[in-house]
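Each of the two complexes below includes chain A, the first together with chain B, the second together with chain C.
Here is the complex of A and B:
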């Protein structure tokens, strides 16, 4: 347990000193600022781009457009960036040999996996929260009259999706031992989830739902209960993936 | 009982057998030179001792406790210096040692004291900057400091001097000799002069087995040829001695290179005494009279044949 906190502290220090944390937070901050602005400015951009004399009426933007941007940007670019930035964190230590030194000092292998996964979740949570708060603040400021329902709950579901994908990334990294393998496996799981979504019966249980139906939830066309099966499935996969990572990593020849 | 006992160890990678029935026993308080060619299996053996690789069969005991693969209990007795130690570049030496100390579970105050002590032992006490800019030699020295942090009973060094310049090598060897009294050191290398300089025990690994093992003095005794090197002040004297009738017999082989005469005697009953009495008979005083020692190089070449 002490090993876990020591190693987590080291991960955080690493993140700060190698500017990873700075880069991630900046990306998420920019994404957060972008969402409401794009929503607000879209009609004007469309108007400017139109040739003179042509007239297209674009509906006045609402808070909904802002949230639409949030789930599009953070749910895609944000998730992609965090997976990409964190993909090398185990393999780099294995290939460089920095981890071997600490393992020979009695650092337990499960502490490594738990601390690294905790760090991943912390980074995702921090970036996500930042992006969310900025989007929320601007949205309230720019579209004060609109109200949206289930905003927080909806955001929580996308967060769960991120946690799910990072667990897959962790397992992928342990399985393959290099960063490309981890990325490939995570990408593969993402694609499988997308393919599975073609079957309406699976949709309810598919973790992908947590990152794709959020706007519908805000619009109140879907009830929160519709997400619960997918949250359950994601939770089970997270537990299995992390337990699997620990077991595999303990057996790994270094 | 030795501090490290290895019994019938086998390990293969795929179909390639690296270690084939290795037996080894390392006595406490020795500096043990573990010699072998590149690819002989030195690193593999060490990694198995550390529980980083899984042996196919055989047992390894550290301080009487059995090493189990994937567990790290026995590692508390050990310090390990990898061949190319890699650290977290963004830390300072002091921070890195603190991290190591916390992982080992040392109390805070002890980590601080021990770190300062070790950094001054390896000559890095004035380096407050980050590890990024460190040279190979400095990293190697920091490697020794981190390996000694938990006061290990056995220090395992994997080719600590191979990649270093002469000064860096000398520094590492000096540090290793300095800690000799407190810690047993295993030291893998293929640089024989390093072994000769600091080791008291040596084992030669060839094709996955030990072909030669024991204390350096014993081995040299065992492989000593009955040979003598006699150096004279001038060539004239030397050739005079080389031409003595008494030396012209089948069991004796004499060769001369300028003022140095080498005498090899294959008859074990005839020793140096015979040459000394010859010298006194001829009223000759050599500049140097030396018993020929087998060089580690010749032993090594013989062992890996």
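Here is the complex of A and C:
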């Protein structure tokens, strides 16, 4: 247990010194500011882009548009950036051989995996919360009259999707031992989820649903219960992926 | 300008954060002249011209070991 906290502290310190924390927080902050702004400015941009004489009426933006931007930007760019930034977290130490010293001095291999996964979740949570709070604040400020339901619950589901992808990244990093392999496997899982979404029967259980149907939940066209099977599936995969990472990493030749 | 006056509470923080990101990356590029690939000139352009993505790519891929 002591191992775990020490290693987690080391991970956090490392992420500050390699600017990873800084990069993630600023990117998520920028995404947070961008969402309500794009929602608000869309009608003006469309108007400017239209040739003179053409008349297209764009509906006045609402809080819904702001959340739509949030799930589009954070769910795609945000998730992409966090996976990209964290993809090297195991391979860098393996290739430089800095981990070997610690392991021979008695650091347990499972503590390494658990601490690294905790660190990934912490980074994702911090960035995500920052982006969410900024978008929420500006949305309330810009669209004070609009009510949106299930905003927090909906945000929780996308968070679960991020936790799921990071577990896949962890397993991919252990399996391949280099950062590109981890990225490739995570990307592959993402594509498989997208392909599976073509079958309506699977849609309910697909973890991708957690990041794609959020706006419908805010609009109240989907009930929260519709997400539970996907949360369950994502949870099971997270447990399996982390257990698998621990087992593989224990046997791995360093 | 009209749009700017109306939306400055968004645009100003956005620009400030973006500038901080670009300048941090620029300072790092200038002070650590060892890169995994590319050279100083390339990274200066990448970091300053590609908004958001430039600094991220630099810190993730371009930054050399110390």
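The criterion applied here is as follows: the second predicted complex is superposed on the first by the 254 of 254 C-alpha atoms of A that agree within 3 Å, B and C clash if a C-alpha of one lies under 4 Å from a C-alpha of the other, contacts with A are read in each partner's own complex, and residues count from 1 in each chain.
Keep in mind that, in the parts below, a residue touches a chain if its C-beta (ideal position, glycine included) is under 8 Å from a C-beta of that chain, and two chains touch if they have at least 3 such contacts.
Just so it is clear, the model here is predicted, and its values are computed rather than measured.
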| request: Specify the outcome, clash or fit, for chain B and chain C once both structures are aligned onto chain A. | output: fit
| task | Examine A:3 and indicate which partner it touches, taking first as chain B and second as chain C; both and neither are also allowed. | result | first
| said: By the touch definition at the top of the document, which applies to A:109: first (chain B), second (chain C), both, or neither? | reply: first
| request: Kindly classify A:101 by the partners it touches after superposition: chain B alone (first), chain C alone (second), both, or neither? | output: first
| task | State whether A:18 touches chain B only (first), chain C only (second), both chains, or neither. | result | both
| Regarding the shared-chain residue A:133, is it in contact with chain B (first), chain C (second), both, or neither? | neither
| task | In the overlay, answer first, second, both or neither for which of chain B and chain C A:239 touches. | result | neither
| Taking the superposition as given, does A:192 touch the first partner, chain B, the second, chain C, both, or neither? | neither
| task | Please indicate which partner A:50 is in contact with in the superposed arrangement: first for chain B, second for chain C, both, or neither. | result | neither
| Touching partner for A:33 - first (chain B), second (chain C), both, neither | second
| query | So after superposition, what is the minimum Cα distance from chain B to chain C, given in Å? | reply | 5
| task | List the residues of chain A that touch chain B in one complex and chain C in the other. | result | 18, 96
| field | chain C-touching residues of chain A, taken from the complex the two chains share | value | 18-20, 22-23, 26-27, 29-30, 33-34, 36-37, 40-41, 44, 81, 84-85, 88, 96, 138, 141
| request: Sort out for me which residues of chain C touch chain A in the complex. | output: 3, 7, 9-11, 13-14, 17-18, 20-21, 24, 28, 52, 55-56, 59-60, 63, 65
| message | Under the definition above, what is the set of chain A residues touching chain B in their complex? | response | 2-3, 6-7, 10, 13-14, 17-18, 96-98, 100-109, 250-251, 253-254
| said: Under the stated contact criterion, what part of chain B meets chain A in this complex? | reply: 47, 50, 52-54, 70, 72-73, 75-76, 78, 80, 82, 84-88, 90-91, 99-100, 102-105, 146, 149-150
